[in-house]
Structure formats: C-alpha cells, structure tokens
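Working notes for the structure below.
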C-alpha cells in the first residue's frame, strides 16, 4: 500500500510520534473510500452508553447487534469504527484486520445526574486496546466541567501510555458543565477553545461539534472582533476551528449530531464543514439510526463531498 | 465432557476471550441439571451482607452454615454458587471441584445510609478468586448513583485482571441512587439500559431484576413508542432486555427477588422470563429461605422450565 | 506440644488457610491457662489511643509502662496480648517468645471529631507484624459509618497479605456512625450483623461488644420475631451472635467494656457470655485499670468460667 | 459433581495446598472413564519436541494436527492431556472446558548435543497456563545431569507461582546425564530416587519410567539388600517407587515408553504397574502412534486394568 | 511461657536481630524436653535428598511417610524438625503449631557428580517458609568448593530476607570440594574455620560435623601450636569450634553422622561434645533409621546428657 503524498504530508505533522503511532494514523488514512485523500469519515457507536439502547437502536433494531456496526463501517468504506469495550470484544475477532478500530476509553450515561461536574467513567485500558487490535484510543473531556481537570489528567496518563505503544489518540472535546450556558456549549469561541485545548493536550485527532455563531465569553468575542475573524458562515467558523488546531497541523473531525430527517440539509452542512478545511466527519446516529441501505448511501454521499474538497 | 452444540454457540459469542475464560464459562454451562442446555440457574448467597443474618437466615437456621449453601447448590443441580469471600473460604476446600463458584467481589449493607451515592465495598481480590479455585468473579454496579463512575472504574480494573487470568465475569447491574425514583429502579427502560451498560462494560454474564412496565426516562419512553417496542407483558420486557444485551450475544440472568410465598406465581414469572429468552435465573432468598426439600423442589421446577424453553 | 482434639476441630474450620496461619491460630489456642480448651482470654491495650493516657492509665500508673501489659498477659495466663505498633516495639524484644501478640493495625482517638464518618488511621504494616514476631493482626471496622466501605477495603488488602504470610486475622467490628443511634451500636440485631460482616470479610477471630436486648432496624426486628429467635437473656443473644458467625465456624470474642466496679456482676456477665458459646473475652480496661493482683485474680476467675463452659 | 470418598482421601494428602489447587487435582481425578477411582491415564504429546515430527507422527499422519490429540484424549476418556505451548494454543479455544490440560513448561530436542549436562528449555509461563485454562503445569528435571541443580531451581520458581494461583504441578523426573549409565537411567534404585526427589521438590503428581531390576549405585544396592526390599518383579519395583513417594501420599504415574507392537505384552506390563499401586499411566507414543480406533481400544483396556486395581 | 534466664542470655547475643527472629529462636529453645536449658536436639530429615530413599528409609520403612518424622520429633521432645519443601508441605497442616520447623532451602543429591565444585540446588523460598509456618530456614554451604562463593551469595540473599520477616537462620557449613582432602573435611582447623565463616555470614545457629584431630592447612596448624590450642580430645576440639563461633556468642550444633550400631559409643561422643560447650546435636540417621522406640530412647538419652551439661 503506497502512501499518497497528501497522507505523507499529514503524517509529517506528527513529528514527535513514534513510527508505531504514525503507522496507525496511516492505517486509518489509507482505509476505505477516502483512502489516500487525507480525509476521514468515522463511524462511532457509543450512543448506547450515552442514551440507552432504546433511544439508540429501537428505530433500527438490527443495530442492537455489535456486528452490525462493524459491517456497516466496512461496507460504507469508513476509515474507522469507534466503540466502547464491550462491542469491540463482541466483534474484534470476527472482523480482525478488516477495519481500523478506535477503543472509546470513557463514557457517560443518562442515568447520571451530574451536571456542573459532568464526568465520564474510564471503562477500558491501553492493554484492552492492544489485545483487541485497535488502531487508536478515543477519550472524552468536558472542558468547563468542575471535574475537567481530573479528566485532563486521566487523558494525559492514557494518552502517554497509548503513544508509547504506538497507538493513535482521538480526543472528543465537548465543553459542558460549570457555568457554561447550554448555548455556550456550541458557541464558536468555545468550540475553537475546546479544540485548541485538545491539541494542547496532545491529541492526534480532535473531535468537536460544528460551532454556531454564538459567543459565550465576552473577552473572546472582543478578540474575534479585534482580530476581524470572520464567523458569519459555518465554513468560516470551521476555518476558525481548524486554525485553532495548530493552524491545521492536527486533524479535526466534526460530529454529525442527532439524526436529521432532512438529508439534503445534512449534506449541505457537511459541504460547509468540508469547505472549512475539516478532516472529516464522525457520523453515528445519522448512520446507524437509518435503514442500512440509506445509511450506506448517506455515508457515501458524505465521502464524495470530502473527496471533492481541496 | 463433550460440549453441546448450543454451548459451543454461546461460547462463540465471547470471541475475544482467552481459552481460560471460555473454559470457565463452559464449566458453568456444563454443570448441573441444566448442563448443556445453554441455560443457567445460579445460587447466590450475599443476603447476609445486604440485609444481615437474621433477615437472611433465621427463617431457615441451617442456612447460617456456609456449607449448607454449597451442598444446596450441588444437590439442586445449580450451575454455580456465588458468595462473598468469607463463606467461600469456609467451604472451598471441602467442596473443591464439586461446583463452580463465583466470588462476589463487592458488597453493600443495610447499616450504610448512602442513598444518592449508593456504593459497595470491594472485599476480595483476583488473587483470592484464584487461590479459592473460583470460576468467575461477581461485581455490582449501581448505574445512576452519584458514585457509579467510580464503580465502573473499579469494575474495569478487576474485570481486565480477571479476564487476563482466565476467569469469567458476572456483573450485577442495579440502577439506584442519584435522581432515580424507587419505581424507576425496575422500570423497563432503566433495566434494559442497565443491562446494556453491563454489556458495554465487557461483562460475560449480566444480572438484572425482572423489569416492570413502568418508564423512568421520558426520552426513553418516546423511543419505545416510536420503535413500537412491546413492553406489555413480562415476556416482552425480557425480550427487550435480552435484545439490549448485544441482541442476545451476552448471557443475561434475572434475580428472583424477595421470598415469595406463592410458589405458583413465582413459577409463572419464571415461565415468562424463560419465554423472553433469558439465560436463566439467579435465585437466592427464594431458595435458601425455604426448607431444604422445598428449595430443591423449587429449583428443580425452575430448571425444568428453562429446559423446556427453546 | 500436642494439640487437643478440640483445638484440632477448631483449626479444621479454617479450611482454606495455609499451615502458617493455622499454626498461629494454634499458638494462641495452646497458650496460657486456657491452652487446649478452645477458649481464649486476650488482653488488649489500645485505650491509650482511643481515650488518651490519663483516662487509660492514671488509675493504675504502673500501666503507663508497655512492659507492664506484656507481663500482665503472661502472668495472668492470657492467650494473647494485643496493642498498637509503639507498645509492641517497646517490649517485643524483651518478651520475645513469651506470649502471642496481636498487632492492632488501625486506631482512632478522642481528639478527632469524626462522628457520622467515624474512622481509624492505619498505623502499622504486615512487615511490622513480621519483624515484631506477631501471631496475628487486629483491625477495627465501623459498619454504618459513612467511611465504612473504605475501611472494609483497607482491611481486605491487609487481610489478604497477612494470610499469605501465615498470620492470623482478628477483626474488631463496631457498628458506629451514619444514622446509627447510640443505643443501636449495641442492639442485638446490629451486633449480630456486625459480627456476620466480619465473618463475610474473612476474619479468623471476630470481636464485638456484648449485645443488649434493643433492636435498631425494624426489618431485622420483624425477622427475629418471625424466626422466633430468643433474645431475652444475654446468653440467648450471645447464641445469636455465635450463630451469625457461620453457625460457630468462626471464633468470636466479646469485649469487657468499661471498668466495672462490681466484680460479681462482671463475672456474672462472663458466665452468660460463656454459656452462649462465645470463644472468650477480650478484656482491657477491666484488667489494666485494676491493681495488678486484682487484675490477675479477675482474669483467672474469667478463665475458670470459660474452662467450665462446654 | 459429587467427589468420591477415594478422591476425597487423595485430596487430603495435599494438606498445605489451597482450594484452587485441590479443585484442579479434583478436576483431573473426576474426568473421563476413570473418574472417581483415584486412578489416572494421561495423554502426553511432547514427542514432537523431543524427537521431531516425522519420528513422532509420520506413522499416523492425522496426529500432525494438534486437534487430533485433544479429541483423542476426550474420546478415549483420559483424565488429562499434556502438551507444550504451541499445541495448546492451537486447540485450547475449540476444546475449552472439555478436557483438563497440562501445560508442559520445558522441553528438550534431538538437535541438541547436550549429554552429561542434559537440559531443557523453559518455553511457557504460568500466565500462559492461566490464559489457556490449564489445570496443571508439567516440568521435566534430569537428576544426575550436570545442569540438574539449575533445573531444580527453575522448577521451584514455577511451582511456587503455580501453587499460589491454584494450579496443580506434575513433575517428570528422568535421571540422565553426568556419570549415569544408560542402564542406570531406569535402574530401580535410580527411578525410586528420582521419584523421591520429585516428591521432595513439592510435586503433586510424579511421572517416572517403569524401573528395571538393575541397580546403578552400589550404596543403594546394599541398602535394598539390607532392608530386604523385594525388586524381583515389576510390581515389587513399582511398590518401591510408590513407597518412595512419601509412602503413597503423592500420586505417581508411569510412562508407557516407546511404541510396542505387542499389545498383550504392553497390557501385561500395565497390569504389573497397577498391581504395584501406581496412580496410573501417562501414555503418549503407544496412543497417538496407532490408528485412532486402536488407540482408543488400547487406552480403554488400560483404564479397565486400573479400574480393577484395588 | 516464661523464658528462663539462660535462654534470655542466649537471646541477648543476637542483639541486632528483630523481635520476630528472637521470638523464633526462643520458640526453638523453649520447646521439647530441653526447653529452657539453652540446649537443643534437632531432628533433620534431608537424607532422602542426599542419599536416596532406600539408603535413608528401607531399614525402618515407617520413615518413608513424612508424618512419621513430625511425630517422632514431637514425641521425642526435640526442639525442632528440619526438612526440605515436600515433606513439610505433606505435614505442615496436620502438625501446625505442634513443633518448630526448619525449612531446608537447598539440597544436593548422590546422582550429581559434582566434586571440586560441589553444590546444592535452592529448592524453596522465604515465601514457602512463611506459608508453611516455619520457625527458621536452613541452608548448606560447602566452603572450599569452587562454587562456594556463589553459595555464600545465595545464602546472603535468603538470610537477609529471612531475618527481615522474623525467621531464624540455621547454616550447615560443610567444607568440601576444591583442593580439600577427604580427611581435611573434618580436620579440626577446617571445621573451626567453616564454623567461623558461618558466624561471619550471619547465621544464628551453626551446624558442623564433630572435628577430628587432623589438620588440613599448614599455616593453621602452626597457629594452633603457637597459640597452644589444645585439640587432643574431642571436647577440646569442640571448645575450639565453640570459641570460633564468636567465643560462644552463636549457637553451634553438631551432626550425628552415619548410623552407629554402638549406642554406647555414640552417647560417649555426645558427652564429649556436650562437655565442649556445644549447644546441641542435630541427629538424623541415628534417629529415624532405628525403630521408633529405640529412636525415642536414644534421643532422650542424648537430651539427658545435654541437660546435665553446664
């Protein structure tokens, strides 16, 4: 498998990483329909933890089976499949060598009432990632939460260990808790800030939500205005996020959010995200909560958009 | 001992586990009256910890002696016997090789006033499980409790170590604490969610209570309605739980709850549970709080029901 | 030293323990005036930690000297002497080989204001127990305290290590803290529950206070009534405690409590305790807060009572 | 599975072992056609290491496949199957829970020219034994070899670790090397000495070759004469070996040696071995170097002989 | 158990040892018929390793059973029983608490041809000594052997660990190998030198053979003459050995050697040894190679001699 010049360029950004980690980043970038383009579409399935099985899978009951998601990611040509420990254990042998996997290391759930101190439980180890043949670990931080510092420290330990054994590191950075307003969680200043912190923490791939045009922090707003940073369109806001990730030296992927009935609108949003320079999308509910054929069609359309992006 | 095709199929679900763990799952599935059927009836005796000796054993004083329970489990043809450290230490040598044992690793008690932050103390180690010749470890989590994340993390560590030395892992998943209502603890959405989290955490065998028809979370209720998931009968609710355990790829057993005077009603409930596709029952108080002969008769009747289930 | 049949029988209860631990249990059971009877009277001196030196020793100033207690235990024919680290360090060399010692591993003190979360500090290690030539470790838990679970976990670690190097394990189980009433601390249901938990945690020897006729938990009271467990006399209540310790498979000793001026009443209480099947007494303040001659006389009278018990 | 009185008696000999080890000894003793008799026939397949594949398997090519041996041991009703790491890794998952396995920890081979300093390489760990679900470890020592002391020390470390995690320990004791004559390797004084050393080293099950009537050491010969130890018949010599294993307190099994064409003679030898009080036979080449049907017939006949032995 | 002034004096010699070790020395000194005298008679049974089972036990077949030796040591009133791992494992539970045991940590055997580089294999660990409840470890060095320095270093490690956990240390010091003549092995200068090295290595109790009047080293012989050290009688030579053990500050016991038919001569030798100030005898073959009654009579006579010694 010859690596493309673009992928070689991307790997060159991760200059302090060992060849093992570079190889795993390359595996993801050279897999699926987007192989070699430097773009990525990842299938994440941790909704069962976050929202429970009925809210996650009842609309498409085949998705109760962990094998369904492996096969969906493979058939749709995704770059990787991300999930917690249990589902990977349930399929890692059957699908060994067929698709890069990301072991989601921590998870929250809807039975927890934690709010200002929103948190997650660490439910897997680096040893699990290795024995299950994973390509990367995934971890969520809640910047703004009263327990955020502890989360950063948990991440630091796992990330250091992951890198030392040649794994890649994907960081979900979702501002939440503390004094943050609900609107602030997706405000452009907060999203860019959260993405930047993920880069500062050493993540190889950063996952955030697409930012709105709102602002949460006055001081930040003033700085955007003073710096004349355009945030009027989603594309401009994505550009701000990408810039905040070491001026593009770290890959950043955007979540697809809740299931959207209006596929055209969804694809329109992806186009704006792609135009902003995003590495790609991480598309869970919009994929596995549709019938399989529709999901594959949607993911294919999304990949086409990223392929067309510069 | 030739493994039956059904047991072989069940073992195939645990595809990332090492042969040691598979062997221990096989030992439980090939023991007792239900050997080879893929069904299980387990005798758990941790009530002394949870409710104290008088509430647990005074109604059948022979049960104060730990040897009583070993012998009951053997004579009744149970698949396994589960207990905390002390009772296993008190009988493990006498009954070595006669019945698979599950070392219950953590326990709560009625003198604790913890409610929203319901918790348990870890009272045994994996080294204990090995020196006592146990087949599996057992652990309880309280999803919903304010200390649930810490419990998940305790479980993660013990579970990883147990799997690495070939032990099986049984997870008691009892939603409790936080903002959960008393009714919500056994609501169908909560039970299925708790069972699903146990699967996500990597449990081999999941233990929950039989769900009622109530709902706790509005968002979940809507999902059940939207997905047209039937929850009218206990059998339908059990089906939902089984589906939530990786669409049946993980074994799930249901607790028998408090002692019920009406044996016919109890057996009727078991019939519905069995019809829903449960792996079996874990039957404590309804077993050891009856005279020995009645207990053996009851357990035998329960096993007959599971044997007859498809 | 030939072991008596009764001691051999007692050792057989500890069937999962290694010969080192059995040997140390045997050493205690074959020492002193009660050697070979299967009964024990232990001298514990941790009052200095709990209540300070003046409240502990000023009434009998010779007792300020740690050597005093070693010699008292030896001269009185006790089975063992229990104390914290410092006093054992102060006398272990002088009295090496003369009396089995129990290293009390944790202690509380009267300067602490902890109440609902009553706790103790761990002040010694298993390595200390070995270098000081101890026969057993002693540990206190406060079931009911808001920190009880952490105490159970501390005990678990120390107990596993102690057993692995052949030491015996004595567990002081004193319900306290949380929502427990003062009266409830010695209520019969609570004492039996506390003793039972000590057995479940894997203690070889259990120490509790003599129970009163009070009840703390309504559910427990109902169980006593339903099970027709007699609790009218102290002897009957002791029987309930013994039964709660694996139906007599674990040794249980009762504390002597505060100094009692009325020796006849004290001996009367011991008679009832002995009649209930107790293994013996652990008698601190009533021993070292009397003049030496009186203390030896009292301990001798107590031993005579146990000797005469079946 | 109720243990028979004879198996219970055998387990009582291993009085310092933990319940885990006792349970694994019980598993072997309660498996197969000889279950419960206290006798054992074990299938060992380490000839490939010792003599190479052609000398081991070409006469019965089905035996090149590791699954063949698992199935043979199961179908013939053996108590256990012993093999090095590779073959167990190749079948442990397929046959999980179907037959107790003994992980042979060290092996020699015919390409080595070591003679006086005959040795073996340690090729597996206790962790391997646990993850593969083994019941016991197997180890070979060469008493007499110039490297024997190092072998004893390797064994000591593995044996201590195995016992601490509840595994049983089988010791192949084959005098060889140094100044030992070829005839001396199977001389009765040497075989009994080798068996005795295995017992002294703490083995649970001892494997030696059937002794001839020769003597190797003059001092030993004198002792046999002085003590009037009969060694005229094989049965008498087996009695001497059994006596040398703590007067029968340790199980001793005898190897079947090279393939013998004369089945009647082979069975005659087994009869003499059984009559001498041997625990059983460990029968490799005479089993797997015959066609499967003949092998099963032969093993069955051998088991019948042991069954008939007192 | 009150320690006698003589035992207290002996313990005072071990002034840098922790109370655990002192307690274990006290246990040996306060056990059996010689309890309190400061004298010791120890039963060692490692002949099976050294000379094989027939040469060791055929003359008294009851001695094939490890329980025989435990009971002999107890019934004869010995201070301790010394044996390798296997025999202690085979009886440590049955005889727990009845007799101090010394775990012999290393052993040689007659199948080894090592001469100039005479060596032993280490066949037990300090962990074994603790789990088996031993009072001391025993170790053999061969001063003069080409491998002696490695033996000293093995001893150092085990001895340091043993002392840190409160065990006592007995050192068998048998000059052998290298250029030493056969006669030189028991020459008075060599025995005193070997005993002195044992003291220098930190042994608590030193075991050597009774010295002859021969000399091995010219330089030593000159020193004896210059210093006018009497070596004419065995008593004088024993005095020299005792003097060489820190002028009596370390206990030294003498082996009984091969079985002697002439009991009167044997007792005469013991009288001379006792008169020389020896701590006692370690009497193996002369004990267990006689019928039990004779052995007990002999040991009793020997104890009487030591009792009568100043």
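In order of appearance the chains are A, B, C, D and E, and numbering begins at 1 in each one.
The rule is short, and it goes like this: a contact is a pair of C-beta atoms (placed from the backbone, for glycine too) under 8 Å apart; a residue touches a chain by one contact, two chains touch by 3 or more.
All of these numbers come straight from a predicted model, not from anything done at the bench.
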Sorted by label, the chains bordering both subunit B and subunit D are C
List every chain that touches both subunit B and subunit C. D
Please compute the angle of the rotation superposing subunit D on subunit E (C-alpha atoms), rounded to a multiple of 5 degrees. 70
Farthest chain from subunit A, going by mean C-alpha coordinates, please. E
Distance from the CA centroid of subunit A to that of subunit D, rounded to the nearest Å? 57
Cα centroid separation between subunit A and subunit B, in whole Å? 36
Computed distance of Cα centres, subunit E from subunit A, in Å: 72
At which residue positions does subunit C touch at least two other chains? 15-16, 18-19
May I ask you to sort the chain touch graph into line, ring, star, complete or other? other
Dump the list of chain pairs that touch, please. A-B, B-C, B-D, C-D, C-E, D-E
Would you pull the subunit C residues touching subunit E in the complex into a rising list? 1-3, 11, 18-27, 29-31, 74, 88, 92-93, 96-99, 127, 130-134, 164-166
In their complex, what parts of subunit D are in touch with subunit C? 15-16, 18-19
Show which residues of subunit A lie in contact with subunit B when the two form their complex. 48-49, 51-55, 58-59, 61, 64-66, 84-94, 107, 109-114, 119-125, 127-128, 131-132
Contact footprint of subunit A on subunit B as seen in their complex: 13-17, 143-144, 146, 148-150, 152-153, 156-157, 160, 164, 175, 178-180, 189-190, 192-194, 196-197, 199-203, 217, 219-220, 223-224, 226-227, 229, 240, 243-244, 246-247, 249-250
